[in-house]
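Below, chain A partners chain B and then partners chain C, in two separate complexes.
Up next is the complex of A and B:
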């Protein structure tokens, strides 16, 4: 019997390609926080640059939602996004706008950072209390950091979006153009959507961080379009509005196409290997 | 602004936050299992349920606050609005469970309904955690809506009448404080709870303590903002 031994299968070579995007969670947090803070303290910047700050703040928030919810929050994933923006984000933005006239240095208005800092501290303390074994005992690793980042990212996002609508972070113009007109409702709901929807929609065994974060940027594009339409009639003005709409459409198209392509490409690794079998 | 007024605002914010947290513990929350009819309660997270009902409470409270300066009246109208919303949700959930899915509303945590003394266990499908909303959950949930709506309206009233904020701003801030406290309560109940008869309800004081600290910090943030003197609205 000419028993022909099949050649041993070649050893799998795992090539780890270090991609520059997305950076790991800590780096993404630091990069986004620095960019968003730098943009928020210069209220005179054009709206499109503020929109880039919004995108970074929301991606940071989406990443925090992802790493906090990974430990089985289930129906709590949307709630944590609402909590970040409408809960701590709104209170922080209120405090920040009240302090925005302090800390002037040329074009820099550093007073708004009081709100961001205060909400980061509040988030950290509530994270510690929620993780304490004698109190709520959530036992989620790094919940403290997650809650802190959610508070800071939510506040930054709301402040930047109010700044796009009103052209400044001062209380009076924001109240007149952003809050009393009702745009604030759209800002709050869409920003929380950009934070929780990526992980809520993509969660599962084959969830990939890069693909999840693309959804967040895509929703930020939609936010830019809506903020552009709103700035047509508010203090932002016609030119700002049209710029924002064009910017939003480009961001949305690029990241939507990129997300769908990634989803099609990565779904092959499931269907192609037959991991999920149909019942015969 | 005078220190007494700031103190009243702080107290109202803390009280409202803690009441919202207590209200969440009383609502029958079923989470994802309830969506398949295998757990008692409404098929969503605790925060969505509290958010929806307290927001309706804010609408009724805002309507009454337009022509009343009585804190009790405004807070109670908020409570009634929230109760109404919760009751409507419960009614339609029960209609769907009973006539759509064909299951009997039954509690999975107690053998006998503590209020109506009806037997529960014989009607429960094996391997499930109850279905629909039995009487005790309904009553507990309505009490929860009352407490949550009362807390939300209290914050709203303090913000427009003492802090003199604009209506829109006060509503948004009240909503935010309710949400921040509701999520801490939701962390504590871990997914599902049936109401005051649930064994998990005994852990409520722990969540109330954490909510007290969180509301205190939110309240300090609001009071700090008010001390700058920038915040003007002249609502009333």
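Up next is the complex of A and C:
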């Protein structure tokens, strides 16, 4: 054979720099859960602080969707996020709000945590049921933990967003300002997108976790803007709404620019235009 | 016939016309961004060696993404309506906000999916990225405008036709949520089939289905030059899009017509008092009759098509 062998490419030296962000899956889950729980039990906090809780809850949910779907769930990625928020999140949040009249200690209203706990347990049980060989036998690795986290994260996100809209997590004000007005619809759909869109949008063999999670924070920024606009009506005053809109715009801008830059930088190449070719 | 009943039917026909437009543009929009079913071919193409110039708009399936645009539009429009802004201004401004979110989600989906396929050597074509965003937003705007208008009319249907009891009990943003999911579901289930059958398998035996050797080929060459979404949109605008619109429009037409006729014959309209079982039963009876009629017509149509267009190799 007269083919000339090309010289072997020089070996690339890969330097792995351990970054502090994002922390690994377990640490991110614990950090987010603690922050979101601490914020949700103080309904008197300013809306912007609650928005930080929303960001952490949704990043946790997005990471959990990623972890659960990573083994090769393709079209199921959106379903799992939708399930987490509109299935688990809504039931858990309503349960929590029903219990919110109990467990008051000064500014702390710990009753809502019943909903979070209830959904975490329900999620874990449904994960076991789905994986048990004699029942549904889906055999998805780590589904039990994923479902538990999705239940808790979805509930925390919906609770915090309802708390931003109504100023409290009590059932009656939320029913009046959040549900009867229809704002709950935008809360549910945008929160599900914040959970499933990151992994769904970045899906592929060269997906990078750090880049994927940026999308979740970016969508949380958009949620803050929309909730800020809606709270102009539901809360009556201008102050909270304007704070939320400014906060949301900053969060969205920073993480959107950061994500798009990272994605373009880490893609195969960027060209203004070009013809297609067939890879041999 | 009482003026209220005429007005009620008239507004229902406005809703049906808007539904036709909404679903037609929904389908064309999903072709512009290659979402939903076409998306799987676009996603697959680089993996089988075909680098492509398609926009990869992977914002979940169409029902959820359309639910998002419509709900956001509806929420912003609702806020503006509460501030006393006229609906003629509030709804388009709300829809513009919804489309801003649509474009944001489209860019993250496209660059995210392309960078996730680095090893298949798929580059980010900037002209594809920028050149697709405006058509996506334009088609999406018309679709969302129709959906938000339908939800607005429906939530005020009683007031508009002079029978206030008939206003929809659901709030305006929640109606947008439900209509968004519905239009996405119909657009996805009907529109995708036409995208595939019309464009992908035109020169294949009738009913052959999708063989593995054809995977990714849809992204290669158009009638002239390299294929992009714009070729597919102009192609589907001739049949697939209107057909999808017709499906959604017919569903809304039959569903509302049978309910209204039932209410009218049952003596509930125009006074809107004394709702009896008769009204519901007449509505259900007409509904069953329509379903049976459609079944028969469809069976005959399929049989005729298989006989007329040559041997059907599918089943």
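Basically, the second predicted complex is superposed on the first by the 252 of 280 C-alpha atoms of A that agree within 3 Å, B and C clash if a C-alpha of one lies under 4 Å from a C-alpha of the other, contacts with A are read in each partner's own complex, and residues count from 1 in each chain.
Quick note on the criterion: contacts are C-beta pairs under 8 Å (C-beta built on N, C-alpha and C of every residue); 3 or more make two chains touch, one makes a residue touch a chain.
Bear in mind the structure is a predicted one, so any value in this text is a computation, not a measurement.
K.L.:
Go through the superposed model and pick first if A:190 touches only chain B, second if only chain C, both, or neither.
P.N.:
second
K.L.:
When the two structures are overlaid on chain A, which partner does A:76 contact: first (chain B), second (chain C), both, or neither?
P.N.:
first
K.L.:
After superposition on the shared chain, which partner residues are touched by A:87: those of chain B (first), chain C (second), both, or neither?
P.N.:
A:87 contacts chain B only, not chain C.
K.L.:
Touch check for A:248: first (chain B), second (chain C), both, or neither?
P.N.:
Touch status of A:248: no partner.
K.L.:
Mind working out whether A:167 is in touch with chain B, chain C, both or neither, as first, second, both or neither?
P.N.:
The answer is neither, since A:167 touches no partner chain.
K.L.:
After lining up the shared chain so the two structures overlap, which partner does A:53 touch, if you call chain B first and chain C second: first, second, both or neither?
P.N.:
A:53: touches no partner chain.
K.L.:
Looking at the overlay, what does A:136 touch: chain B (first), chain C (second), both, or neither?
P.N.:
Only chain B is touched by A:136; chain C is not.
K.L.:
Count the residues of chain A touched by chain B and by chain C, then name the partner with the higher count.
P.N.:
Touched residues of chain A are more numerous for C.
K.L.:
Once chain A of both complexes is superposed, is A:126 in touch with chain B (first), chain C (second), both, or neither?
P.N.:
Touch status of A:126: first partner only.
K.L.:
Let me test your reading of the model: by the given contact rule, A:146 touches which partner, first (chain B), second (chain C), both or neither?
P.N.:
neither
K.L.:
Let me check the overlay on chain A: which residues of chain A are in contact with chain B and also with chain C?
P.N.:
Comparing the two interfaces on chain A, one with chain B and one with chain C, the shared residues are 75, 78, 82, 180, 182, 184-185, 188.
K.L.:
Name, in rising order, each residue of chain A that touches chain B in their complex.
P.N.:
Answer in residue numbers: 74-76, 78-80, 82-83, 86-92, 94-95, 97-102, 114-115, 118-119, 121-122, 125-126, 129-130, 134-136, 138, 171-172, 175, 179-180, 182, 184-185, 188.
K.L.:
Which bits of chain C are touching chain A when the two form their complex?
P.N.:
Answer in residue numbers: 46, 49-53, 58-61, 64, 67-68, 71-72, 74-76, 78-79, 82-83, 101, 104-105, 107-109, 111-127, 170-177, 219-220, 226.
K.L.:
With touch defined as at the start, can you tell me which chain B residues reach chain A in the complex?
P.N.:
Where chain B meets chain A, its residues are 31-32, 44-48, 51, 166, 168-169, 172-173, 175-177, 179-180, 182-184, 186-188, 191, 206-207, 209-210, 213-214, 217-218, 221-222, 224-226, 228, 230-233.
K.L.:
Which chain A residues qualify as touching chain C in the complex?
P.N.:
It comes out as residues 75, 77-78, 81-82, 180-186, 188-190, 192-193, 196-197, 200-207, 211-212, 215, 218, 222, 226, 229-230, 232-233, 256, 259-260, 262-264, 266-280.
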